[in-house]
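Dropping the structures in below, format is structure tokens.
Both complexes shown next keep chain A, but they swap its partner, so chain B is in the first and chain C is in the second.
== the complex of A and B ==
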């Protein structure tokens, strides 16, 4: 397992040398969405608290570092951390509201959706952050401003983000904290009865998850160079974040990565393919059908199924 | 602040609230019976709007008549979705149900996008142009009619649940599904009927709102979210809560549009939602804890 991971990493490190620029772009999407999915995995997968509002953290992180860069000249390398901290604070507020009353299942989902929507509406109506027009970042190509002439640098930065989040999740998985989160997901009442402070661990999980997602917001802003409230705070982005770990296998270390390797190329290729034919929307129909199929036929996601398959092949 | 302006805001909010109530009643019925949250609710409503639009443009049927057809078609759609998909996940964990319904929502929304394109549409009805004056306030006849029909439909649904045999078995299944099974109610059939009726509510609501509100395929999600808000504010599973919640949220949004900015109205309902979650998570008419 360890050798396989090292081998895969080595391949990913040398890959840009042989890839064309479009393929590099596809890989950047794979890594970035795997990173966001991994960050979501902490609260949504391990702790089992389904958030469909993670776009709020991406958006807050993105707007924070973009505003700080445009108006205060602060480098996004630091703005990234500020955005992460603000997102973590937002996560704490959401967690406090949701977990203090033990809002489970649907209520928590709605709370997270509502928060992302609130931010979207505020951003749409606030002229000081560009209103409906959004924010545009002028391209300078200055690495100190998190801008790179060469697309391959974004490749390595997004790969680094994915590895960072995966490292965090691997650490959590091996420690007591991770065991508590899984216990909360499986049976929260039993967990409480055993004296585990479930509120505390759920709070910790959402704060870590929100911090990482907020950091990802900076990458979003300084890779795309424009921020619109509807896309960065919108429910579709939240769904994009949720769907990869679920398809890959939520609550597993490799699920979000696997999910992103399956879905991101599919999304990217089908988007370009169908839009060229004037069929906007078809790729989202495929997405929806896929989501239905996974729930009905692979409720644990692709990773556990793949592992069973490999075990069977081994004998 | 001009008193007439506030009064006007109150009145138009109240009138629009009928549609909100009908949406929320449909959602709460599905939730109350199956404990499944219909994330495709708003997208079903958008299909109701487009059906009304097709009836009006192709066959010349006024949406205030066509809503019956829209409700019937959506009833069948709901029945189909329940039988083929929801029925398999009634006992699955919440996340799985939500994801399945999100999948259905994505398919419905984008099928509408492929079929009708992204541009906003509106249905013309001769009734929407005319207004009545009530002292200093004016009433849009279209909105009044929309409100009236929505209220009548909600009342009819209430009577159906309270008085008819099928309605009683729906309530029985909602209260205690295994108990209902024991006394010989076909719970699976009741589930299908309940989902169908829930979908028919938004089919009618969509048709009724189509002459007064422009619509587009992308609007479904925010309609779903609006329905969730109302249902939580009113109390999950409570029909009365959904009805009153719909009027309340609509009035609050309308006043928010008067006092803040029209585009900020959603902020008002979300603030209301958070206040409810903070102080009364079971909702205004809900029983017990969340």
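== the complex of A and C ==
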């Protein structure tokens, strides 16, 4: 397992040397969405608190660093942290409302969706953040402005983000925090009876998750050079974030990565193919079909199924 | 919420409940209940169905807030504390309808509880292993809890509570649904745990077991305490027989 991971990492590190520009772009999306999925995995997968409003954190992080860069000249390398901290604060507010008032299941889902929608509507109607047109970032190619002439730098940055989030999740998994989150997902009342402060650990989980997701917002803004309320705060982005860990195996360390390797190329390719024929949005149908398939045949996701397969092959 | 320290209950009382009341809509589930437990004691809490026994457990363990009354554990009021905080003070409980973490192994179930006292995973795991062995679940340590038999799940419930290293353990019908052999095993286990210094408050419908295990028994009926005393005294108490068997039986029975 350890060797397989090291080997895979080595391949990913040298891959840009042989890949074409378009393939590098596809990998950037794979890594970036794996990163977002991994961040979501902490609260949604391990702790089992289904957030479908993670776009709120991406958007807040993206707008924060973009605004700070445009109006205050602050480098996005720092704006990234400011965006992460603000997103963490937003996560704390969301978590407090949800967990203090015992919103579980669908009610928590609705709360998170509502938060993202509120931010989307506010951004749409606020001229000081560009209203419906959003914000545009002038490309200077200056690394200090989180801009790179060479697409391959974004490849390594997004790979770094994915590894960072995976490292955080691996740490959580090995410590008390992770054991508590999984137990909370299984049965909150039993946890309380066993001395687990469920409110505190759910809060911690959503804050860490929101921080990482907010950091991702900066990458989004400074990779695409533009952000609009409908794209960064919209429900489709929240779904993109949720669907990868679910398809790959939520609450597992490698689930979000596997899910992103399955879905991101699929999304990218179907987007290119179908939009050429004027069929924009067809990739969403592909997503829907895939999600139904996963729920029906691999309810725990692809990673646990893969692991069972490997074990069987071993003996 | 503060209560005086005067009257009732010895200074050495481990658990002291005074004037405890809880109402659900039109139902007075627990009414002005007072009881005290000494260190090391095994106290049985019995009564017909619906007498309010489980409500008492939920009140003492913090899952419900009392309408009135005082609960002191080792001299400190625990009213208003969250269940996890009460557990950390050394008062653990089991659930009548056992609540294992179904997808986690037996060992991991117990580990979660052990982490309450041992923050580092390897220590907690070692502690958990010891507790799993103690309750006789070692051969099933790696099995997912959802796959256990009822008797095993009851044992697991006990093991988890035990792993939080309580001074007082509230056991809610750990024998319900077990056959004679299984009951015998769990009675022996409970005795051993008590002998190791853990005080216990047990709700039990198995009369033979509760009579044999308890040092003292408190009888509830319709939320009120109707009798308290040694098992033999309680068993021959007219009010207790009436509560269980109905008034007519008492009159019909030869004196």
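Here, the second predicted complex is superposed on the first by the 315 of 315 C-alpha atoms of A that agree within 3 Å, B and C clash if a C-alpha of one lies under 4 Å from a C-alpha of the other, contacts with A are read in each partner's own complex, and residues count from 1 in each chain.
Keep this in mind: a contact is a pair of C-beta atoms (placed from the backbone, for glycine too) under 8 Å apart; a residue touches a chain by one contact, two chains touch by 3 or more.
As the structure is a prediction and not an experimental result, all values here were calculated from the model.
S.K.: With both structures lined up on chain A, is it a clash or a fit for chain B and chain C?
M.R.: fit
S.K.: In the superposed arrangement, does chain B or chain C reach more residues of chain A?
M.R.: B
S.K.: If we overlay the two complexes on their shared chain A, which of chain B and chain C does A:262 touch? Say first, second, both or neither.
M.R.: neither
S.K.: Using the touch definition from the top, say if A:12 reaches chain B (first), chain C (second), both or neither.
M.R.: A:12: touches no partner chain.
S.K.: Regarding the shared-chain residue A:174, is it in contact with chain B (first), chain C (second), both, or neither?
M.R.: The second partner, chain C, only.
S.K.: Treating the CA centre of chain A as the corner point, state the angle out to chain B and chain C, nearest 10°.
M.R.: Spelled out: centre of chain A as vertex, angle of 80 degrees.
S.K.: After lining up the shared chain so the two structures overlap, which partner does A:23 touch, if you call chain B first and chain C second: first, second, both or neither?
M.R.: neither
S.K.: A:198 contacts which: chain B (first), chain C (second), both, neither?
M.R.: In the superposition, A:198 touches chain C alone.
S.K.: Contacts for A:70 in the overlay, against chain B (first) and chain C (second): which applies, first, second, both or neither?
M.R.: It touches nothing on chain B or chain C.
S.K.: In whole Å, how close do chain B and chain C get at the C-alpha level once superposed?
M.R.: Shortest inter-chain C-alpha distance (chain B to chain C): 11 Å.
S.K.: In the complex of these two chains, what residues of chain C are touching chain A?
M.R.: 61-63, 82-85, 87-88, 92-95, 99-104, 108, 111-113, 115-116, 119-121, 124, 160-161, 163-164
S.K.: Which stretch or stretches of chain A touch chain B in the complex?
M.R.: Going by the criterion above, the answer is residues 48, 50, 52, 97-98, 101-107, 109-111, 113-114, 117-118, 121-122, 124-125, 235, 239, 242, 246, 279-282, 284-285, 287-292, 294-296, 299.
S.K.: Under the definition above, what is the set of chain B residues touching chain A in their complex?
M.R.: 37, 85, 88-89, 92, 94-96, 98-100, 102-111, 113-114, 118, 217, 221-222, 225, 228-229, 232, 236, 261, 263-264, 266-267, 270, 273-274, 277-278, 281, 289-290
S.K.: Quick one: which bits of chain A touch chain C in the complex? Just the residue numbers, please.
M.R.: 174-176, 179-180, 182-183, 186-187, 189-199
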